[in-house]
Structures are given as structure tokens and as C-alpha cells.
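Okay, handing you the structure first.
Per-chain residue numbering starts at 1, and chain names A, B, C and D are given in the order in which the chains are listed.
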Amino acid sequence: QTIGFSQIGSESGWRAAETTLTRQQAEERGIDLKFADAQQKQENQIKALRSFIAQGVDAILLAPVVATGWDSVLEEAKEAEIPVVLLDRMVDSSKDLYLTAVGSDLVHEGEVAGQWLVDTVGDEQCNVVELQGTTGSSPAIDRKTGFENAIKGHDNIKITRSQTGDFTRTKGKEVMESFLKAEGGGGDICALYAHNDDMAVGAIQAIKEAGLKPGEDILVVSIDAVPDIFKAMAAGEANATVELTPNMAGPAFDALAAYMKDGTMPEKFIQTESKLYTQADDPQGEYDRRKDLGY
Amino acid sequence: MTGLARFLRRIAPQLLTLAAVIGLIALVFPGFFQISLANGRLFGSPIDILNRGAPVALLAIGMTLVIATRGIDLSVGAVMAICGAVSAWGITEGYGLAATLAMALAAGLLCGLWNGFLVAVLRIQPIVATLILMVAGRGIAQLITEGAILTFNDESLIFFGSGSIFAVPTPVVIWIVTGLLVAFVVRRSALGMLIEAIGINLRASALAGVNARVLLIAVYMTSGLCAALAGIIAAADIRGADANNAGLWLELDAILAVVVGGNSLLGGRFSLCASLIGAMIIQAMNTGILLSGFPPEFNLVIKAAIILVILVLQSPRAHTTMVFFRRAPREEPAQTRTVPQ
Amino acid sequence: MNARLLPLTATVVIFIAAYAVCYSQYPNMLSTRVIGNLLTDNAFLGIAAVGMTFVILSGGIDLSIGSVIAFSGVFIAVLLRDTGLHPIPVFIALLAVTTLFGASMGAIIHFLEMPPFIVTLAGMFLARGMAYVLTIDSVPITHAFFDQLQGFYWLMPGKGRLTFIGGLMLVTFMAGIVLAHRTRFGANVYALGGGVQTARLMGVPVAQTTMAIYALSGFFAGLAGIVFAIYTSAGYSLATVGVELDAIAAVVIGGTLLTGGSGFVAGTLIGVLIMGLIQTYIVFDGSLSSWWTKIVIGLLLFAFILLQKGLVLVTNRERTTPHHAR
Amino acid sequence: MDAVAVSPPLLCAEAVSKSFPGTIALDGVDFTLLAGEVHALLGENGAGKSTLIKCLTGAYRRDAGDIRLEGRSIDPRNTLDAQRHGIGTVYQEVNLLPKMSVAENLFLGHQPMRFGMVSGRRMNRQARETLAQYGMSIDVSRSLDSYSVAVQQVVAIARAVMLSGKVLVLDEPTASLDSHEVHMLFDIVRSLKERGLGIVFISHFLDQVFEVSDRITVLRNGRLVGTRPTADLDRVELVNMMLGRDLEGETRTTGRKDLPTAEPRLAFRGFGRKGRITPFDLEIRPGEVVGMAGLLGSGRTETAETLFGLTPHDTGTAEQDGKPLRLASPRDAIAAGFGFSPEDRKSDGIIADLSVRENIALALQARMGWARRLPLRQQYAMAEDFIRRLDIRTPDADKPVGLLSGGNQQKVMLARWLATNPVFLILDEPTRGIDVGAHAEIIRLIEELCAEGMSLLVISSELDELVAYSHRVVVVRDRQHVAELVGEDITTGNMVEAIAASEVEDAA
């Protein structure tokens, strides 16, 4: 059985882990996985999909870089009777163009993070600075929306600064440094919300270098649950993270197997859990469990 | 005109631009000039500019020399990633600081050697020659880190990113010292003139006995070395090697710094000092955008506008153009440059 | 054979040889499907590369095209979403905007004597920035006319499709070839590439030509944007990052000198196809990790350039070396 | 004088001024060109000749002054404007596009069109026909840079002639042509004159000036010295007008007799390169000047480039003082004490943006290696010494050499090699574009150098010049060394005979 997998790229540790896990899962099931890295470009993904179709693979996994623009190529796959499963992000094409989608709800992730902050600060006044993902990317947009949804109605919580950190540590650190300068040396900041853990890790260093204590002086909440944030949590420097599991392929392969065996139609959206981890959830243990997954 | 006066005249436009950009920031962010001491380290926005500008400044040093030879080095960002990855790998494998640094710098030199070989020996056009490493280099870096962010905790290596020497952040010290060193070597020896000569007319220089091939390779190796330093700093700064994002698109910033520094992309005359000021102008602009608090959607538009204004102001044509917009054809030297192959 | 056609011939030979190698490994690669895909998937790149060829022939460079393509998509999507306009007037408006954008970059380059690299770099920031300002979301395009354009293809034997946009690319190349080799404008472009100063002394209208070249590049980038919008039925401000580098690589692989003054529009088509072939090959192989993908792309790029150099060199050596040839 | 009265001036410039930073290139110069005349414009290097015609043809913008064409005031903003007014120009340095074909160069901007498209076939045919008038039958679809400077110059002339409806301006068109081509050119000039064109002719070859011109205008230091009918002037007077002083110096009619007797310093045996130069033998003694004569394209430059290792030899051996010598690259040659001042100074010689000082120091510095820099003071001393000795017209040693006048650039090239104090110096057309004063100066210099023991190989198209300083002359024909003249045998006549022998054979 040959399955084509069009991956966005390897822009973050999380995605590298997803690739690793997908490979592992395929190997366990004896699937011949054709892997195509699109280097963050939709056009490359479309090319890869077309090549998969020309090659005549049995099924296609697609982690779409963006929601729009898949109609025609998905139609071609459908015509060629190749089932397509979406991983970790959605497309806005008609639902009958793909078999199912495995992923988490990005808005929901933001809401979980926001809810945690609402619960933690209670009625206290709290100025939040936000490190956004890459401008225009769907996780950045949705995680922002989710967070804002959660803090809506809590007037004590306010986002005072919001700037993009491009999902990277370096930019996370640089932007945090300027936030600290701009907000009275950091004294006016009560919490940091980062759209991914990498930016949070960078920002934590910036906070430390400014002579403040991350996790205490400034609360840190972020999304993804990569190993390094657990290390920071274990050291008391980060407060909470929302898990986005990199194992999307497992459920996808299961659904495909069932479908190919007897045509069982899976649900259209297989949602993975967006689990919240805090310092109370044995961060050191979580770190040890994850550190070899290829993050 | 004495040497010093000439030097000041050369860098005056850059200094003025820097002052203007900083003035603009101070307008939108009045607390800009506050500098304090935190954790035994200077702390404040001007320090941030110097510190965050370190990678671009270092890249700009090598890039200035490369551009002076009429080349361009698109691979520096990828080389940064490679060298960052090598240093993170070395330190986590327990090779110790000295060996790790040596390996990282050697990796940079090797990358430079490769570029130089393609340009000087195989005579591939520089932009394409270095494009190859720009594409492949990030892959090599990821090969080393296996796609993950390779983190480390070795304080001695971290020192290069977030340590300080007499309260001055180490990266600042590194780029200033490197800049001075390279400028000293280039201007005290005949290198500067020879580099300019091959940049202006490669064929004629070769006919005059200049060893263009060796010189070109050396220049690309210098660029690789500077990129290696920048890569080490970038990795040490975040205590990890991020193969995918370290130095991403910094080659463009470095080229921009060189041009804002008033150096011609057509090669020839160069000023390292002006390039370094150019790098600071660019970083001031970036920091200013962050401090201003505009939503990130506007970052690029603001940046584009500022760059255009800077270039227009620095263009020697600017005021003549305003005077004779319709009238004057240009006065040019009687010579055109011959294009090296 | 004319010596100046040598790089072009070398490129064609290499392309055919490379295709043969691919075919021997994956017989599936020689199907109308793959060929159709090669044209369709690279249509936007090819069209943009035509403009880039003119710019590079004139000794310049245009880094803005990737951003302009993204901007075009967003512009079209937003206009179609927010106004009731038919796509055709929107296309016309867009082409006017991008052409004007290119022309103003050309004007700045000429009148302020600023290097194209930097002016178009600022243009690159500006175009993408404007796309962000329009919207940061990815906006789907749902218009019957787009579906028509998408559904408009010729089914080749073997289920391959020659799509509208693939055909448009070929037409664009034809137009580009005629423009470059059969008009005075084309000759002026080559002349500029040979040296602005010399061209001026020979009576080339430098200002108009420079502006026209960048306007042309802007126009083609806009057209590529339309094609990309048809291709993806969406506008997305983060799309086509780095396409300018792909286009430059395609132009150079196609045998055009980056220093200007020498090269062929037709070569660029082969360059684009070679780049597409590399990617198709990698996907067919399907065993490369993310990082090896990058390394292999780099190495293949290197191999092509080297082969081309070698071929040109060897053929040149076989003929008697002309005096002062350099 | 009657002629002036009846025909209105074709082109008339009044009080034209132009200054550059540090230099006043033109200071209120008047210039009148009549229809149907050949008007020579003369002056020393840097006198402002090129600048004047650049102002007239729109390449430069003048600071002050009026230009009238057929009585109407014109203001050419660029060369295209000038072309539209019917002014065709050949500028001093060959200004053509090396990567484009010969035909494209000829027809750029006015290509023959067919159905709205450029017709390549017609263009090539017309190009062939045009060049045939100049006695050249070459493949016009090949790129221009596959031909020599001489061919390029002919192409430039042909182009300008095509473009000139009323006025043709030729700035040192003959600098790299041999007498055959020059006569061909003059025939064309005369026929244009007959058609009523006005022709401006700049040259440092006074014989040519006397042969073809009707009137002469002389500039000195950017000022007009005077305009006189050619018939009223003799050579001495003219030189006096140009230099502002008399030029002393004897002319020789046969080669030098004081043949050096020392052992050969350099010996090349069976030296050659396939496709460029047939193997030849050559021995050079200390203090000896070997001249090299031949038609254009005969293989003189090829000989020089092979000797210098630029296109390394593939047959034969070289020996220096009896020891084998490796000459695989210019660096080898330089290490052995060779120097080479190339023919095409624009692309092979000067480093335009570097200063006069740096250009002079370059070869010496390159030989010393990068690590030891020549101290600035020494560089200045050296530069100023050569500026004085060679009379290089420049405000100071820091002026970029690209801004110097053509002849002065040539002197800088010479200075560059002299500074290295070479044992063997190859000069390819060293007097190209150099004025009479400097010309004499350079000939004197060559003699001085060989008196000091330097060996020289001088390539020149000016046979008189070769006679003046050569101990021996090698005649080159069809890429082959065909004859060698020694001492008293060296006369213009003998050389012409040796050069022309092939044509006699061909005719037979």
C-alpha cells in the first residue's frame, strides 16, 4: 500500500515531530509512505498532490499550509478515486472532496489558553502582551481569535501589545525585549500569551535577562506542548501550555484502513484533544516522555 | 583633504540617516533613551539595537567585501543556520567550548570556500552560485539538528549570546571588534585596494597580476566566517540551534545594510564602517517598528516606506533631480565599466 | 551553429537528458498527465519568469514579483468578495495597478539612480505589506467565471490536461519571444544589458526603456497573480514567498546571464520546466526527508548549472577560439 | 573665405563652457562647421576635444553656450535627440554592445521592420552590404566581441555614417586602424563630404589630418586657440598651436643601428598556440626594442597575449637567461619580470573607479603581494613622479582614472608597468590616442628604457614610429611571423613590402 504525504515543511520542531510520528506510524503498519516536503509553499503542495495522483498512490495525507485553494486538485484526486485525509489543519473546500480531517480546533486552543488565564488571575487587573504567529497564517489568526473570545467579558484582562514573532524563538525573544522596554521595563506586564511554545521559550529568556522572573512576575501561557516548554515549566518559568498532538497520522491511518477494508465512512472531523498542561501536571515527566519524539 | 576628513565625509549621510531614524523612534516612543543596568548588563532600547543588530552587522562585514568584488552572497543566512547547528551539536556532544567554536568557524570557512570555489574557479555567477548553498544549506543545518531545535545549557557558549563584557552585551563586543579587525586588516594591507580593483575590472586586474582567484575565494571565506560568528551568536542567544529559522532572510537585510551604507552593488569602492552604520539603521528601524506598537500587518509597509525615504535621501541624484526633473540628462564619467564574465 | 544559441541548446539538451533519466527510473513520469501538470503547476512561475527575463536581460533584477503575485491574489479575492464586480474588470484594474507599480519602480531606478536590487526589495516589502493591509486572512474566490476558467482544459490522451493557465503560459512565452527578438523594444532591452552608458550613447531611450521593462515585469507578475488566483481559487497574503528566487533561478538555468545583455526568453521556459522536473522527481521518489529535499534541490541546481557550463565550454573549445572572445 | 560667406554654417557652437569638479574642460569655445567640409579638431590630450563633441551631441550637458544647427538653435538632451537632428557620432572609446551581434549593433534603434516586426534577415543582409563598403566581409550574426577592436571601430564608424544625415563626428576613429582601413574610411568621408555633410574629425595623426581635412580648429587647455584652413598651415605651425611651443626631435628613416650584443635575455622557441598564432621563434636581448608590424588581425596581439601567458602557449618553450621559464598565466609572466600594456585599455587596462595613484601602484602592489602595502607616501611620490615625467594631465593623483581623457589614461597604463621596473615590457599600441607632444615623449621614454637595459616588444600600426625606435622589426601576417628586419633594413618601405607580400601572392 502506497500513501502519499504532503507535509507543509519543517518550519518548527512541532512539525518535525509530526513528520517523524507519521513515518513511524506508517512503518508500523507496513505502509510505503511517499513523503513530500513543500517548504511552506502551497504551490509545492499542489504540485506534490498532482504528482501523487499521476503516480497512482492509494491514498493521500495532506497537511494544508492554508485553508483555501484546494478545490481543483482535490477534485482531481476524487476523479482518480484516491481518498484524501487532511492533517492538523482544515481546508474550506466542500466536505465530500476529502475523506476526513484529523486535527485540533485552533480557535479552541486559543480559548483554552485564554480560559486558563481568566481562571488564574481572577478579578485582578491584568495586562497581557501577545506574541502572534506569522502574520496571515491560520494558527496565528485562529489562536488570536480564540484567546480574545475567552477573555471577552473580563474587563480586567486587556491585551496591551500584540506583535508578530513569526513563530520563532529569536523573534519571540526580540519582540519580548521591546515589549519590556515599552511597558515600563516589564512592570506593567502581567501575562504573556504566545501563539506557540517556541516564541514563549525565547520570550522567557528575554524576561530573565531583564531581571524579572518569568512564571511569577509575568505569567506565561502558550500553545503546542513541545518538550522545551515542559522544561521551562519544571523550572517554574512557564505556567501553562495547550497540547497540540503531533500524532495526527495514527487516527488518519486507522480511518483509511477501515475505509479501504469495507468502505466505512469515518466522521468528517476527527478532533484531537486540546489538553491543558500546567506546572501541576508533572512537567518533568512530560518532558522525558516527549524529548525523543523528534521535536 | 586629510584621511580623517574624507572618512567623515564618506559616512556623514549614514550618520545623519541613523540620527533621523532614532529621532523618529524617540518621537513615537519617548522612553527610548533610558538605559539602566539589569543583571550586570546594560539594558535599554539603544542597547537592544546594538545587540539585536549584531547578526546583520556581522553579515554586513562579509557582504561588503563580497559586494566590493562585484559579487553577492545569498547564502549567509543558511551558513548562519549551519554554524549555529554545528555549535549546538558540538557542545551537546561534549566537545567543549574551544573545539565547538573551532568547528563552527571551520564550517563557516568551508561554506565560504565552496562559494568562492564556484565563483572564482567554476566562474558561476555569484548570485546563482550562492543560491545553491542558500537552498541546500538550510537542509544541511537541519540534517545536523534533525529538524528539531537543538537546545543546550552550556553557560560558556550561551555567554556569546546573552553574556556581557563590562556590562556590554557580548554580541555587541563581537561585531564591533570584528568590524574593527577586518577594517584594519583590509586597509592596512593592500587587500582593500586589490578587492576594489577586481570588483571594478576583473580582467584588467588579472592582467596587472592581481591574483583574483585567490582573492575572491578569500573574500567569500571571510563572508562565511562572519556568517559563522553571526550563527554562533544567534544560537547562543536562544540557547538552541533553530535550523529552519536562524538567519532566515537575513541575507537581504545584510545586502540592504551594505547599500544603505552607500556602497555600490556594482562593486568597487567600499566602506565597512558605513555598512555597519547601515546595519544599525536597519536594526533601529526594526526595533522602532516593534516599539511603536502598530499592528503587525503594517510592519512591511512601514519598512518599505522608510527604506524608500532613506534611499531617496541618500541618492546623490536626489537634489539634482528635484531641480532639473525634466531637463537634465546625466553627466557621467566617460567610462563605462566592463562586465566581468 | 550560431555561438550565441549555444547556452540555449545546452539547456534543451540537458532538459531532455534529465527527462530521460527520470523516465528510466519512473516510467510513469512520461505521461501526458505529468507533462500537463508540469505546465499547469508552473504556469504562474513561468509567466512571472518571462517578465523577470526581460529585467535580467536589461541588467536589472526584480525581487518584487513573488509579493506582487500574492498581492494580486488578495486584491482579486477581496474585490470579488466585497464588490459585485465581474472578474474581468477586476483583472484589468489589477493589471493596471501592477503595471503602474512596476513602472514606478523603474522610474525610481532610473531617475534616482538607485540599484534595482534595493528598489525592488522595497517593492517586495511594499507589495506584501499592501496585501496584509487588504486582509491577512486567506480569502476564497467563489465566482462562476473562475470555475469556468478552471474547468477549461483540453483532455489529452492519457488523461493529462492542458489547462487554460498552462496554455496561457505558453502563449505568454510566445509573446515574450516575439517581444524580445522581433521588436525595437527588445533590442533596446538587450542594449541596456550591454551597458547603460553605452546604450545611452548609442541613442537608446534609457528612461522609457527602463520604465517599460519594470512595467512589463509588473504586468507579467500581475498576470501570474491572476493565474495563481485561478490556480488556487483564493487570495492569500502569505502565498508565493520566494518565488522571485525561483524565477531568477529559472532564468539563469535557461542560459541568461545575470549581468544582462545575453540570453533567451525561450531558455527561461526550459529553465522553468527543469525546476518543475526536479520537484516532480523528488515527489516521485518520495523517500527524502525535509532536509534532504533541500540538499538535493540544491545539488541538482548545481548539477544543471555545471552541466550547462561544461557543455558550453566543451563545444566552444571544439570550434576555433575567436579572437578576444571572452 | 568665400565659401564661408556663401554657405551658412551647418553647425555652430558659441561660447560653449563645461566644467567638471576640479577641471574646466571647456572655457567659452566657439566652433563652426560648414556643410561639405571636413573639419579637424586638434589638441593635446585632455585639451577638451572629446568634451566639446560630447556637448555638441547631447552626451554631456553644457554649462553655457549656444548650439545652432542650420541657423536654428538646438538643444540636444541626449544622443538620441542628436541622432534625430541628423548628427551621427563615433565616440572615442568604442561604444558598442559587445554581446550583441555586429548587425544588431549597426542597426540598433533603426532596425529594418517588416509587418511591424524587426526583420533579422534583412538586417543581416543590409549589415553585410554596409560593411562591404569598408572592405570587410565578416559574419555579421556573430557577437561583436568575437572581433577585434579594429573591427569594432569600423562597425562604430559604419553605424555613425548611417545615422548622420547632416553631421558626422569622428573622435579618433583611426586610432586602431591600419593604413589600408584608414584609406577606406577617407574615401567614405570624401564621398559624404561631396553629399554636403559636415564632418568633424579628431585625430592625433597629423598626416591624416593634412590628408583629409579642409579646416583645423585647435584647442588647448579647454580654450580655443584658433581655426585655420588646412592649406594655410604647415606641420610645425600646427604643432606649435597645439602645444604652445615647438617640438624638437629628429626623425629617423631607418631603424637603429646600435644593436645590442649581449646574450639574449629571453628566448622563445617554437612558441605558439593552436588557432591563435603559428609557432614562432623569438629572441630578445637586454636593451633591445623589437617592433612588431602587421595588418589588423594579423596576429600581433595574439603573439603578445601568448607571450604574456594570457592565452598560454601550447607548443614550444621559453627560456630566461638560459633557464626554462614557465608561462602558463599572466602571474607567471609577471613573476618573471614581464609587463604588458594591452591594446584595449578600456576593458583590459584601466580600473576606471580607482584613482590615478592606485592605478599606477596596482601592478607593483600585486607583485609585492597583498600583505605588504606600499606606504601611501611612497605611492603618492611614485604617482606624482610619473604624472610629471609622462605629463599626465590630471588635477591630482586622486582623480579616478576613468575621468581622465583617453590619451592620459594610456599614459597611466604605461606608468603602471614602468613602476614595476620590468625586464621585459610588451606594449600593444602604446601610442594609441596620444598627442604629438606625448608621442615624442613616449618614444624618448622607450629609448631611455632600453638604454637602461629593459627589453621591449612594441606593437604599433604606425610604421614611422616603429622605424624611430626599433632595433628589429618582426612582420606578422596571417597569424604567422613572416619576416624580420634588422637595423638599417628597417624602413617603412621594407615593412610595407613584407606586409603586402601576401596580397601579391593572393593576387597571383
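What we mean here is this: a residue touches a chain if its C-beta (ideal position, glycine included) is under 8 Å from a C-beta of that chain, and two chains touch if they have at least 3 such contacts.
It should be emphasised that the depicted structure is a prediction, and the values quoted were computed from it without experimental measurement.
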Which chain lies the greatest distance away from chain D when centres are computed from Cα atoms alone?
A
Computed distance of Cα centres, chain D from chain B, in Å:
43
Averaging C-alpha coordinates per chain, one finds the centres of chain A and chain B separated by a number of Å equal to 33
Return the residues of chain D touching two or more other chains; collapse runs of consecutive numbers into ranges.
78, 95
By the touch rule stated above, which residues of chain A touch at least two different other chains?
9-10, 16, 19, 135
Of all residues in chain B, which are in touch with two or more distinct other chains?
142, 147, 203, 297, 299, 329, 335-337
Every touching pair of chains is listed here as A-B, A-C, B-C, B-D, C-D
In the complex, chain A residues that touch chain B:
9-13, 16-17, 19-20, 132, 135, 161-164, 166-171, 173-175, 177-179, 181-182, 185, 198, 201-202, 205, 208-211, 228, 294-295
Contact footprint of chain B on chain C as seen in their complex:
108, 111-115, 117-119, 121-123, 125-126, 128-130, 132-133, 136, 195-198, 200, 245, 248-249, 252, 257-261, 289-299, 301-302, 305-306, 309, 326
Quick one: which bits of chain A touch chain C in the complex? Just the residue numbers, please.
4, 7, 9-10, 16, 19, 33-37, 39-44, 46-48, 50-56, 66-72, 92, 134-138, 141
Chain C contacts chain A in the complex at 26, 28-29, 31, 33-34, 37, 40-41, 44-45, 132, 136-140, 150, 228, 231-242, 276, 279-280, 282-284, 286-291, 293-294
Chain B partner contacts - residues on chain D that touch it in the complex:
20, 50, 54, 58, 60-61, 77-78, 92-93, 95, 308, 310, 330-331, 334, 340, 342, 346-354, 358, 361-363, 365-374, 400, 402-403, 405-406, 416
